[in-house]
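Worksheet: the structure to be examined is printed underneath.
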Amino acid sequence: MDTLLLYLGPVILLLIVLGFVTYAILAERKVIGWIQGRIGPNQVGPWGLLQTVADILKLLIKEDTIPKNADRTLFKLSPILAFVPSFAVLAVMPFSAQIQFANIGVGLLYYMAVSSITTIGILVGGWASNNKYALLGGMRSAAQMISYEIPLVLSVVGVVLTVGSLNLNEIVAAQQKTWFIFPQIIGFIVFIIASVSELNRTPFDLPEAESELVAGYHVEYSGFRFAFFMLAEYVYIFAMSSLTTVLFLGGWNAPFGWTFLPGILWFIIKFSLVVFFLYWVRATMPRIRVDQLMQFAWKVLLPVALANIVLTALLKEVPFLAHYY
Amino acid sequence: MIRTEEMLLNVGPQHPSTHGVLRLLVKVDGERIVEAEPVIGYLHRGTEKLAEDLSYTQIIPYTDRMDYLSAMTNNYAIVHATEKLMGLEIPERAEFLRVIVMELNRVASHLVWMGTYLLDIGAMSPFLYAFRDREQILDLFNELCGARLTYNYMRVGGVKWDAPAGWIKKVEQFTTYMQKQIKEYHDLVTGNEIFIGRTKGIGSYDQQTAIRYALSGANLRVTGLNWDLRKDAPYSIYERFAFEVPVGEDGDLYQKYLCRMKEIDESLKIVAQAVGEFPSEGKIMGKVPRVLRVPEGEVYVGIESPRGELGCHIVSKGKDKPWRLKFRRPSFYNLQILPILLKDENLSNLVAILGGIDIVLGEVDG
Amino acid sequence: MIGLIKGLNVTLKNMVKPKVTYNYPKEPLQMPDRFRGIQYFDPDKCIVCNQCVRVCPTDCISLTGKKNPDPEQKGKVIDTYDINFEICILCDLCTEVCPTEAVVMTNNFELSTYSRDDLFKNKEWLFKNDKNIRSENTLNPIPVKKPAGGASS
Amino acid sequence: MSEEEKKPPVRPKPAAKKPEPKPLPPSPKQPVMDALATTLKEKFGESAVMEGYINQPNDHLCTLIISRENWLPVLQFLRDEHSTPFDYLQNASAIDYETHLEVVFHLHSLEKKEMIAVKVRLDHENAELPSSTALFPAANWNEREMFDLMGITFTGHPDLKRILLPDDWVGHPLRKDYVAFDKEV
């Protein structure tokens, strides 16, 4: 039974994630449509529910084109490199007290480490396409994701200091009374900004800046391979929103002791709020410039994140506040 | 051996933010632009050549297609030049209608600019909001002259249609509505720190350069020069209306944005005044011979289109067709400064600077 | 930061505002009366004066007349009348000059076809296009003269 | 298309229907015009200004016809040294009058809000004019346009090539003797 679950579990998760991606894309288009005074997709299926299915179907039956001068091996490898880590990071995510696939001691570190592999996939894709726009997009992406990984990691150090563990389960457990968003508000802000940037979403969507680089690193990709890049992007939204929920919003813990809903539902509600926030920001913000992006990471986010660590360490010693930290 | 190499990037003619079919040959060193050369002509339709075989009335629909975002001002340029050469008197009601539609068209055009500019910079929603509000102007025009973009509304001697019943009321309602909407745009865009960061201090040039390059419209005023043909070489009945000419200081993109937003405000003021003083009755066509024979001579008139000075130069030999028709197309002049502005800029600024000039390729290519 | 929050506020407020899109292909758009759509042509009214052909800026109209079959009447009647909608720009000039309102605008605008040849519309097709005809058309309506002096030189 | 009188339209006729020109009332701009012509003649010699007249229908526009040799110096003078500095190139155009080509620059003084038209006449065969790009950078594309459509060569232009038409186009369409390759498409 256990062995069966061991093999079946990830498959179910994959299906759930695929389902999420399908409807996350639809939800994004709907939400942005509503914000912009439109209805959004509403033609395919009732309320447009089958829109993404139709889009994916279209992508799957499209001709698989590889540019003549592209590096064929790398070109084919790159979508896989980009997608696999995005799915692998979900293994350590505690969706509720019961649902988690790998409860490893360094869960948080694992997430950070594995997610950075995607950068290589994107860079390889940009390079292998042998297209100038793709190359620029790939370069931007590499620079951006490496830069923002540092404040991202540093911003969660405050949480880690408080809990004293890198295990995501223990982090959730430590938030039974107070969610970390309150004592770690600085860390939270830095984390949200850095995570939006890691996700390559507006206002940090420079690698695929449409108005500048046409489509960025995946400009030459079409059909199935493009679908994989898309998939990776949205699986990361899933993963990053989960991580935000787990680290700062108390995971599956019910707020105000409202335990009439099961933990997993609370998780989904908080998770949806984070996802909605991402869509909302995308509908509002212009794109930041590439040099401002770098300056922002190194000159603003990094010092703030460092200061947050120091502050957390100091407050841990203040007798009155110590039990929050 | 490691060496760096300049890369030739071909931006356009099919690129999301070249506003049509402009092509830019950009030499980049990393993301820094070393040299940029605009290549135009992909939308050249030979309006000036075609006009030599067309009667003056027939040219009007062709002008609709030059600057297709403000066809009303284009219409006006050709009919105004023709009227000047013929020495025609225009009925007052027609003049009022002309001013109302031209200023509404200016609002519509600036809204498109604002929307697409924000889209270039990466914000999606302002584009849709701008189009939502512009839609109302287009509906007004549709009701007035039966078309949403290519109006073909003005005629030598007047305008084609009188305002339908209730139209003036609708225009009035729209001005109040739009004045409220402007505040929303300011909330959404003007104070946005990312937007300010993208535009402030970028792509600036001084007044002398602007004059030498014969820039016009907001591109010239943003350098601090108060130059608006509606005030400085008044045509139609603009002298009757009180409005201000917004100017900037050092010609950066943020001020260009502010200038154009204020111009929307001022245009709405003119429309409101014109609607208030709108004559309750009167003719919409002056005394015009059935076949337009324009006396021999030459005339140049410049009017203030949303993009700058739109000039019309007619040389007539006394026939019903112009001997030579030349349009001073403001986008064509304004675009010339682009290579200078782009030099040594970051590639991300390319779209911001190009968008800031506010070109319409139909006009650049004639 | 304040600007960003203000902006987020604006977008959130717009999310609950009524939507402004049309359900276009499913619900036909209501165009105002003056809308310039595909022309309607009434052969009985046409006096073959050729003004529309002369005024057309793109030369998309072609017509031929024939002798009036009624031997008692002078003048011509229309034989063929074609508008090439590949190049017609619906500028309204032909209806403006037509003295008898034989060619008038309608509110119909859907012209898309799979073949360019279909855009070449003849007299019969234009006559059948008789829905949503515009009420005011010619700029200077000239009372219909007696058929004797109908056709201009 | 045949013209009874093949003379270039030097003096604009009043907007009257009668064929015989009515004597025009004297223009209020006449003194300005005379002063300008005199200054230029003094500076560049009697032959510099071939003709000067006032285009009355066009808001009494002072129009000068400059000899080809003095084209650049006169522009330079008008831009920099004249008491009313005409520093804004409002419009640059070229006209084919069949007997000759004419290049016309409409210059504007932003300071004094005045406008003049400066013209130069060229032959069809030898249509060459020194480029004024150095004086008015705005003339750059205009001269390319005139080269492209009217076939006027501007010597000293930094980048004289076709601008609107394809590089392999034959002929210059705005010339009256241009024969369209394909009359009807």
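Should a chain be cited, it is by its letter among A, B, C and D, assigned in written order, with residues numbered from 1 in that chain.
Quick note on the criterion: a residue touches a chain if its C-beta (ideal position, glycine included) is under 8 Å from a C-beta of that chain, and two chains touch if they have at least 3 such contacts.
Predicted, not measured: the structure shown is a model, and the values here were computed from it.
> Which chain, with its centre taken as the mean C-alpha position, is closest to the global C-alpha centre?
Minimum centroid-to-centroid distance belongs to B.
> What's the distance between the Cα centroids of chain B and chain D, rounded to whole Å?
26
> Distance between chain A and chain C based on Cα centroids, please, to the nearest Å.
Once rounded, the distance between the two centres reads 55 Å.
> Would you mind pulling out the distance in Å between where the CA atoms of chain A average out and where those of chain B do?
So the centroids are 43 Å from each other.
> Calculate how many whole Å lie between the centre of chain B and the centre of chain C, each centre taken as the average of the chain's C-alpha atoms.
Computed from C-alpha means, the inter-chain centre distance equals 28 Å.
> Among the residues of chain C, pick out those that touch two or more other chains and give their numbers.
4, 7, 10-11, 14, 20
> Counting only residues that touch at least two other chains, what does the list for chain A look like?
35-38, 283-285
> Strictly by the criterion at the top, what is the full list of touching chain pairs?
Here the touching chain pairs work out to A-B, A-C, B-C, B-D.
> Of all residues in chain B, which touch chain C in the complex?
Contacts found on chain B: 54-55, 57-62, 64, 125, 129, 132, 135, 142-147, 150, 152, 160-161, 164, 184, 187-196, 285.
> Can you list the residues on chain D that touch chain B in the complex?
It comes out as residues 3, 9, 12-16, 55, 57-59, 61, 87-91, 93, 95-97, 104, 106, 110, 113, 115, 117, 136-138, 140-141, 145, 149, 162-166, 173-174.
> Would you tell me which residues of chain A are touching chain B in their complex?
Checking each residue of chain A against chain B gives 32, 35-38, 132-133, 136, 140, 202-203, 205-206, 209-212, 214, 282-292.
> Which chain C residues qualify as touching chain A in the complex?
Per the stated touch rule, the residues are 4, 7-8, 10-12, 14-17, 19-21.
> Spell out the part of chain A that touches chain C in their complex, as residue ranges.
The touching residues are 31, 34-39, 280-281, 283-285.
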